[in-house]
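Read through the structures below before going on.
Here chain A shows up in two complexes: once beside chain B, once beside chain C.
The block that comes next holds the complex of A and B.
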């Protein structure tokens, strides 16, 4: 469990990025942190694995204050996948990259091999095993970065903008893959402004603006409130926009799923006949 | 032929292989892009979109070398016979991440950079820079350092820098993927204005078709190095092949398909939110 208590964070430049955040992330939860560019989303989640330490307030991971432990120690439980994979990758081959942390954590050789193979296959990059990560496309490098974190099987996985540069099928795969992690009781925290992606995954949403939490709740509620989403510089998912446009017909306005939308519309037609 | 005078990009059986590669990255590409087209170029990662765009501004073959076969003409110039700087006068390129494109100490210096290199008189340069800033809606930011701006503002600076060169064709490679949805919409609107008001031909490389479809008159879908499909956004979204290739269909069109499967046919195929709302209103009233 991650507990954030009255967290304030000011960068050395004087920029006050977080202004009093209170938040609990439960074990096994799937959480999306959303909001405009510069809202403080990445700054917040960097506190979850101790990459940043609070200016004031505190962050507890499984009851341990992040001030009291090293990032290396926290990383065993909390994996962080960066927005820009180039901030993370450095090895000469994809395989070495994925095996790197496992070696560092001191796993046995056969475990390293098994976990590396598993992660490479899972992310569909085993064909690049012997390729330099820097020869790959942006989307592929992102998958290498993700594989290198998943390989050591952390309890909590934080992904910063995982859908950027991914095509539609890769996004679907990513979605299934997050669902799968989540069903294995992993805690997944995603920082994103991809509303359609969130609408399909339907996680709990934390909406941020200017260093504060504007709202939190299920995606269906938060993303269908036009005032709230406007404050966070995002737009409701397309299905929600359609239902908001039909609000005067007495249809529900908290719809984000296309199947549910079709069902509601068909029912309405039947009632009228 | 009459419509050939309108073509700004024409390729015939274009094929390109990077140096050292065994297989071509693009092959059998025969397309015509007309003046003032707003094209969305899409397809799965690794399908050859980026390579094709590199042919449009001559980076392929002049910078990357390799083997170019077939024909390609851009703004009337045979790409194989003209250097990158000649093509650059006609073709502007905007990258995914504006941070990779901006480097000057102020917005106006960044926007003026390309012009300084072309030895333009100072007055003329001033006019061009002001015009480009105005067209992209960032006149008030002209003195600011680009690195202090938001991602959306930076992307507008990058677009203004390219616009200042007054290109005939602008290629934008996923220009909004780092931006929040409101920032992304503003960028698409700026691009749309350049297309509709100035007649600049737009080639937008994009995965998120739901956001961009309403501005485009044509979608080109690439798959495995070749052009798999080409048509209006509506045609592409309704195509079974596009779905199988993995083109992201907007939720509005998906809703249409679901309703149709269960016996409710809307009068036409919606692509945008507004169209869907209108069609649903009609359907719910009539029945």
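The block that comes next holds the complex of A and C.
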């Protein structure tokens, strides 16, 4: 469990990025942190594995204050997938890249081999095992980066803007993959401003703006509140926009899921016939 | 990465910011030459104070201090190597005969190591003032008006402009590798150097990738299409610039005179009343 208590954070440049955040991320939860650029989303999640330490307030990971332990210690339980895979790839082969963290954590050789195989298969990149990561496409590099985090099987997985630069099919695969991780009782925290992606996954949403939390709740409630989304400078998902527009017809306004929307519209059309 | 912070230009209006970049560069070069001329601790201490008025006039004290703090690690390294070499090869010191035995002899070597470190600090301090108060655009203009081909000027200003970008990127890469359990401070000295490989490779690869992208973006915007490129702004020397040139020349003349004719005592001599052999 991650507990954030009255967290304030100011960068060395004087920019106050977080202004009193209180938040609890339960074990096995799927959470999306949303908001416009510069809202403080990435700054907040960088506190979860100790990359940033609070200016005031505190962050507890499983009861341990992040101030008291190194990033390497926290990282054993909290995996962080960075937005740009090119900020981490450096090895000669994909296999070595995936094994990098396992070596850092001091796993035995046979465990390293086993976990590397497992992660490569999981992300469907075992065919590139001996290829240089620099030779792969953007989407594949992103998968290598993800595999290199999942390899040590952390309890919590944080993903910073996982959908950026991914085509529709890759996004869909990613969505299924995240759901699969979450069903295995992993805590998943996704930082994103991709409302459509969130609408399809329907996680708990934390909406941020200017270093503060504007609202928390299930995606259906938060993303369909026109006032809230406007305040956070994002637009509601397209399905929500349609249903908000059709509110006069007596249709519900808190619909974000495509399948649910189709069902409601189909029922309404059948009633008319 | 705070050493780079000290080289990041911020737009502020001050007497120092408004000085001609060529004159400022000339002044900094004179300081550089003076720092190289002297090995005496007292002389170098005096040199250290010369850029201070400029720092205060330009109101960049915080950033300037940050660049000095960033250079602290290298400064310690320079001090240590100078001391170690001085200890094992004491023959280069006239005051030390054969091997280092007495307290005074230790002090001589310490003073030399401190002087060499201060020389480095003077260089960082003066160049930091220059970069903190000169916009890359002005710098490019200054180079162009010094008849350097535009291609070289552009490459130079782009490089300067990208220093803070690279510094930010290095920080992100460090974070990404730390999040995968990399501990930069772990292990012996060789291991510590090796720890930086996962930082340097992505940094270099990204820099090359970015430069290729930049080249493509520039060519698609017709870079180099016109034979002779003209500029909207031209640099002109003002009164303050001429005063600074005069101060710089005077400083150099004085420094050469002192260096040639005035024997400056070392701190050891002052403290222990010993005379150099």
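Assume the second predicted complex is superposed on the first by the 269 of 273 C-alpha atoms of A that agree within 3 Å, B and C clash if a C-alpha of one lies under 4 Å from a C-alpha of the other, contacts with A are read in each partner's own complex, and residues count from 1 in each chain.
What we mean here is this: a contact is a pair of C-beta atoms (placed from the backbone, for glycine too) under 8 Å apart; a residue touches a chain by one contact, two chains touch by 3 or more.
This is a predicted model, so every value here is computed, not measured.
Novice: Could you look at A:82 and tell me whether it touches chain B, chain C, both or neither (first, second, both, neither)?
Specialist: Touch status of A:82: second partner only.
Novice: According to the stated criteria, A:166 is in contact with first (chain B), second (chain C), both, or neither; which is it?
Specialist: Touch partner of A:166: chain B, not chain C.
Novice: Thinking of the overlay built on chain A, is A:93 touched by chain B (first), by chain C (second), by both, or by neither?
Specialist: Neither partner.
Novice: Based on the superposed arrangement, let me know which partner A:149 touches: chain B (first), chain C (second), both, or neither?
Specialist: Once the two structures are laid over each other on A, A:149 reaches chain C alone.
Novice: So, does A:65 touch the first partner chain B, the second partner chain C, both, or neither?
Specialist: Neither partner.
Novice: Quick check for you: in the superposed arrangement, does A:51 touch first (chain B), second (chain C), both or neither?
Specialist: second
Novice: After superposition on the shared chain, which partner residues are touched by A:132: those of chain B (first), chain C (second), both, or neither?
Specialist: neither
Novice: Which partner reaches more residues of chain A, chain B or chain C?
Specialist: More residues of chain A are touched by B.
Novice: Which of the two partners, first being chain B and second being chain C, lies in contact with A:10: first, second, both, or neither?
Specialist: It touches nothing on chain B or chain C.
Novice: Where does A:239 make contact in the superposed view: on chain B (first), on chain C (second), on both, or on neither?
Specialist: Touch status of A:239: first partner only.
Novice: Which stretch or stretches of chain A touch chain C in the complex?
Specialist: 12, 46, 49, 51, 70-72, 75-76, 79-80, 82, 84, 86-90, 100-101, 104-105, 134, 148-149, 152
Novice: Please output the residues of chain C touching chain A within their complex, sorted ascending.
Specialist: Of all residues in chain C, those touching chain A are 2, 5, 169, 172-173, 175-183, 197-198, 201-202, 205-206, 209.
Novice: Contact residues on chain B for chain A in the complex?
Specialist: Contact set of chain B toward chain A: 43-46, 96, 150-152, 174, 177-183, 185, 207-208, 210, 246-248, 250-252, 254-255, 258-259, 262-264, 273-274, 276-277, 280-281, 283-284, 287.
Novice: Would you mind writing out the residues of chain A in touch with chain B in their complex?
Specialist: Within the complex, chain A touches chain B at residues 35-38, 137-140, 161, 164-171, 193, 195-196, 199, 230, 232-235, 237-239, 241-242, 245-246, 249, 258-259, 261-262, 265-266, 268-269, 272-273.
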